[in-house]
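Shared between the two complexes below is subunit A, which has subunit B as its partner in the first and subunit C in the second.
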Partner chain A sequence: MRKLQRIIISFFTFIGGLYFFLEFILPKTIGTFEFGAYHEQILKGVQVIGIMAIGLGILSIVRVHSKNILGQKTGWSNSLVLLLGFSLMLAFQGANFLDERTNNSIKKKIELEKKFLIIVDKERESKPVKPRLNALASELVQLQTELSTRLGADDQQKNKFDELHRDVLGVSSDFTEAERLALEAKFSVISESVSSSLDTYLENSFSKKAVDLFSNGLFVPLGSAMFALLAFYIANAAYRSFRVRSVESFLLMSAAIIVMLGQIPQGPMYISEDLPYFRLWLLKNISTPAFRAIFFGSSIAGLAMAIRIWFSLERGPLDESEVK
Partner chain B sequence: MNRVISRRLIYLLVIVSLSIPLLSDFILRPAEMKTAEDSYSLVQGLNQKDGKFVLISMDFGPSTSAENGPQTKTLIEHLMRRRIPFGVITTYPYATPFLESYPQQIADKLTKELPAESWKYGADWVNLGFQPGGAIMIQSIAKAKDLHEVLKTDGKGTEISSIACMTKIHSINDISVLAQITGLVGTFNTWIQFFQNNDYRPEVIHGCTSITIPEAYIYYATGQIKGLYEGVAGAAWYDVLLSKDYPTRTTTDAPRINTSLATAHLVILGLIILGNIRSLVDRFWSKS
Partner chain C sequence: MEHASPIGAFFIIVFGGIILFTLLRAGRGFNFSIRKIRAIRAIDEAVERAIESGRPVLFTSGMTGVGPLLYACLGILKHISINTARLGAKLFAPCIDPEVFIFTQSTVQSAYRLEGKTNQYDESAVRFLSDEQFAYASGYMGIAHREKVGAAFLFGTFAAESLILAEAGDQVGAMQIAGTTSNEQIPFFITTCDYTLLGEELYAAGAFFSNDPIQKASLRAQDLCKLLILGLVIVGTIISTLGNLGVIPDSWNLKNLLTLTWPKIFGAT
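Up next is the complex of A and B:
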């Protein structure tokens, strides 16, 4: 069974690799044949598989850390903090997502109702105008109720809706262009006012404030602080380890000092105005060719690795040694 | 000698050198950066009426926001001042808080400076959110016949087709410039490799952290990058260029962070020199 699974995985890996390889090198069309005709759909499929991997990752995190907590293993408190942070963020972000979705659905309804006026006008020959506008008027009432449930009572907004409702019902059976344009203008005013109220509601909602607190108030400063610690280690390491013991290390240090001083304000101020240009020359003519050579080397290694993965020569998760 | 400069003293020196410029009004004029000038000229040369827009890929998290943040802010400010519509997008999930906050911060700053004008979400910029899938997603955008179909909604779930600044943007051909700003290794290579179709590739501006400058020069030297932000120093020089053209503006935090880093650089240089003197003295004493 495991052998069959391995064969299936290897087969699809090979087919996938072959497709992307050919898609990249072949011309857009060969005669009448278009190789990448379904490329967009295939890319979407790959994205879907990637998103499924996120789901698997979440399951794995929850399983591993729950085991740590239940078994009171070493560092179980860290696992608890991780799961707590994860659950809270998921809950707040989820609530915020639902809030945004409801807001967008209300905004979309108003836009659709506005578009409906044009459709009514276009199809006036085949479908009578009045019943359709009456249906639109009742939709407006429903929308107004939905809005007041969400945002609370707002007399100004209600008056605007009532006025629009009256206007829609009061349209003549001819439904002249002037009437349609006047209604469209009123729909635009209401749409803008509702959008603004909904955005304010979302900004002040608990879920949005919680998400802001967790991301801008905790995650961003903690992430920055973690990385900032590096500055202290670099300074310490520079003092203790950067020694000029050979010609090569002297050259390396000289280049580093020129590049460093050429990039900061003090260099040009106190040493030479031409320092930034000298730095640029060093980067363009000395550093870039060397870096390019290293880059070529690592790219060739990457290519070799890709070929090994393509032909399933790398050790996979279903290999005997991995399973053991 | 080792006892004279202890680890604690080094840490104290670093914290003092970093903090003083950040807490005071002490700001030094940044060093000239030709690469930042190239970025500035590219944005300055964009046509406001050609219906195209700029795509800013903000692939950085909080860890490198001290360098990548000012780069993004100065670029966004320039685009907003020139009324060139733009979209922000990311392939890195940790960047999502910045996609929302940075353009809004700049819009608020400009509205405060120029109360007669306004910059609105949807009309001037769009947040295309975090897009999972890395290289695959970049290819999807580059090869899409209709971007509205591929992206569907913005970061807030609003349909792309209903967003004013996206109505004329349907494919990569409608994107004049790609600005890719990152502190990650490999992300920029992926964008430059895949963000093109058979007939067209937008001009590219790249914002990198100081540590990845040598790698970025590979692409700058060949012309694949038209403009480059070299760490926060590049952002600081871009800020100076903005102030030349818009003298009434208030500066971003780029020159302040640059001054702070510059003093820290000097401290590190001083420590290296001291360390080498210590080494020489040690060698002399051990011989004698």
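Up next is the complex of A and C:
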């Protein structure tokens, strides 16, 4: 069974590797043939597999921290705060998502009704106009009720809807181009006004404010605070690099001094005109080639590893048979 | 979608061919010996030291996504997990990526199974912290400080958080070994960690730990490819210098070859 499992995995790994290899190697099109025509869809499929892993990640967080709280392990209060924050954020983000979805659905309905008017005009020869306009008018009433339930009573907007409703009902079967354009303009005005009211509603909604508070008020500043720690750590690391313990560390310190002094702009602290050139020489002729050599080495090593995985030659970390 | 240029495709095929040929020869009984790297040998020492002082071991693959580099990192993690399982030490392996979390969890589980210590495997050893860079860094710092880790291993891709992670280990006096292919982070690790694996050395660690002839042959193939690159650099330098001196004609200019595109070859628009 294990052997069969291995063969299946090796087969799919080879096919997947072959596809991605050819997709990268071949030109975008060879004549009329496009090898990567479905590349976007394939990548989306790969992403979907990745998204499944998020659920397992969340499970891991919940399991580890629940155990900490239940067992009152060291730092269990941190776990409690984490799980509380996680649950609250999930609830607020969920509520905000639903709010946004409802808003978008209302906006879409208005746009559809506007388009429907054009369709009625186009199809007036084949389909009766009046019943369709009456249906459009009743849709408008429903939309207005839905809006007032969501946003509360707004007399100004209600008047606009009532006016449009009357106009749609009042249109005769042989309405002219000018009449249709006038109605479309009224739809546009209502669409803009409704969009703006819905956006304001969303901005002022509790869920949005809570998400902003947790995200922009807590999460982002905490991330920035962590990033700010780097300044102190870099100073600490720089201090260590200035301790001469071997020939290599002496070279490191000498190069660091030259690069730092060469960086000083012209002014009272300016030491020598040659230093900036020497600094640049060090960076261009010593540092860059060294980094390039490391880059070449790791790229080739990555290619070798990829080939080993592609042809299933690698005795991978998940393999439970030891090499004797 | 990114596609290789003709010259890029040519070199990938050449290097790939050399690597594949050497790997297949290894399968036919050819064996190669490998140079010992101090940082790799120090990995076992770090685990033993942590165990002697009764402190746990911490491992991170940083921001590495699923790919060849993760495979190399997991090879090292497996070796460390086998040691911790054998010697009864506690291991922590926090992850930043949910996909990597699954691979890491399976690797550690597999190591404990190999040692016949499945009952000692702690599910909270491998945990997903956050997919946000600094949230992850703070979580890692928390583990390092709370658990007072004795050894910390940082292998993989790192960005600005590298120094935060390495300093956390340094503050609790852990023996630290790092390895990265992220050029910008190498100096930070060199100044903060006890040992640092540079670039390809990280890939070599797997071959060092396992006795797998395929992995050893892979190192030899990499050396052959690097020799070829060195030869190309020397030839390119000579041609470029002679071109500048006017000794060879302009048509020899390597730039024409390097900037060749597929439409130029196939004549398509």
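By definition in this document, the second predicted complex is superposed on the first by the 233 of 324 C-alpha atoms of A that agree within 3 Å, B and C clash if a C-alpha of one lies under 4 Å from a C-alpha of the other, contacts with A are read in each partner's own complex, and residues count from 1 in each chain.
The rule is short, and it goes like this: a residue touches a chain if its C-beta (ideal position, glycine included) is under 8 Å from a C-beta of that chain, and two chains touch if they have at least 3 such contacts.
Note that the coordinates shown come from a computational prediction; the quantities given were computed from them, not determined experimentally.
Of the two partner chains placed by the overlay, subunit B and subunit C both lie in contact with A:28. When the two structures are aligned on the shared chain, A:74 is found in touch with subunit C, with no touch to subunit B.
When the two structures are aligned on the shared chain, A:262 is found in touch with subunit B, with no touch to subunit C.
By the touch criterion defined above, A:234 reaches both subunit B and subunit C. Of the two partner chains placed by superposition, subunit B and subunit C are both touched by A:291. Of the two partner chains placed by superposition, only subunit B is touched by A:111; subunit C is not.
By the touch criterion defined above, A:88 lies against neither subunit B nor subunit C after alignment on the C-alpha atoms of chain A. Legend: residue contacts after superposition of the two complexes on their common chain; A:280 is shown touching subunit B, with no touch to subunit C.
Once the two complexes are laid over each other on the shared chain, residue contacts for A:63 go to subunit C alone; subunit B is not touched. Applying the stated touch rule to the two superposed structures, the overlap between the subunit B and subunit C interfaces on subunit A comprises residues 28, 36, 39, 50, 54, 219, 222-223, 226-227, 234, 236, 238, 240-241, 291, 295. Residues of subunit A that touch subunit C in their complex: 23-31, 36, 39, 50, 53-54, 56-58, 60-61, 63-64, 67, 74-75, 78, 219, 222-223, 226-227, 229-230, 233-234, 236-238, 240-241, 291, 294-298, 300-309, 311, 313-320, 322-324.
If you check the complex, the residues on subunit A that touch subunit B are 28, 36, 39-40, 43-44, 46-47, 50-51, 54, 97, 100-101, 104, 107-108, 111, 215-216, 219-224, 226-228, 231-232, 234-236, 238-244, 253, 257, 260-269, 275-277, 280, 283-284, 287-288, 291-292, 295. Subunit B contributes residues 5, 7, 10-11, 13-15, 18, 28-35, 61-66, 94, 96-97, 101, 132-133, 136-137, 139-140, 143-145, 150, 156-159, 162, 198, 210, 213-215, 217-218, 221, 230-231, 233, 258-259, 261-262, 264-269, 271-272, 274-276, 279 to its touches with subunit A in the complex.
Touching subunit A in their complex are the following residues of subunit C: 1-4, 9, 12-13, 15-16, 19-20, 23, 27, 66-69, 71-72, 74-75, 77-78, 95, 98-99, 101-103, 106-107, 110, 113-114, 123-124, 126-129, 131-135, 137-138, 142, 146, 160, 163-164, 167, 181, 183, 186-188, 190-192, 198-200, 202-204, 210-212, 214-215, 218, 221-222, 225-226, 229, 262-263, 266, 268.
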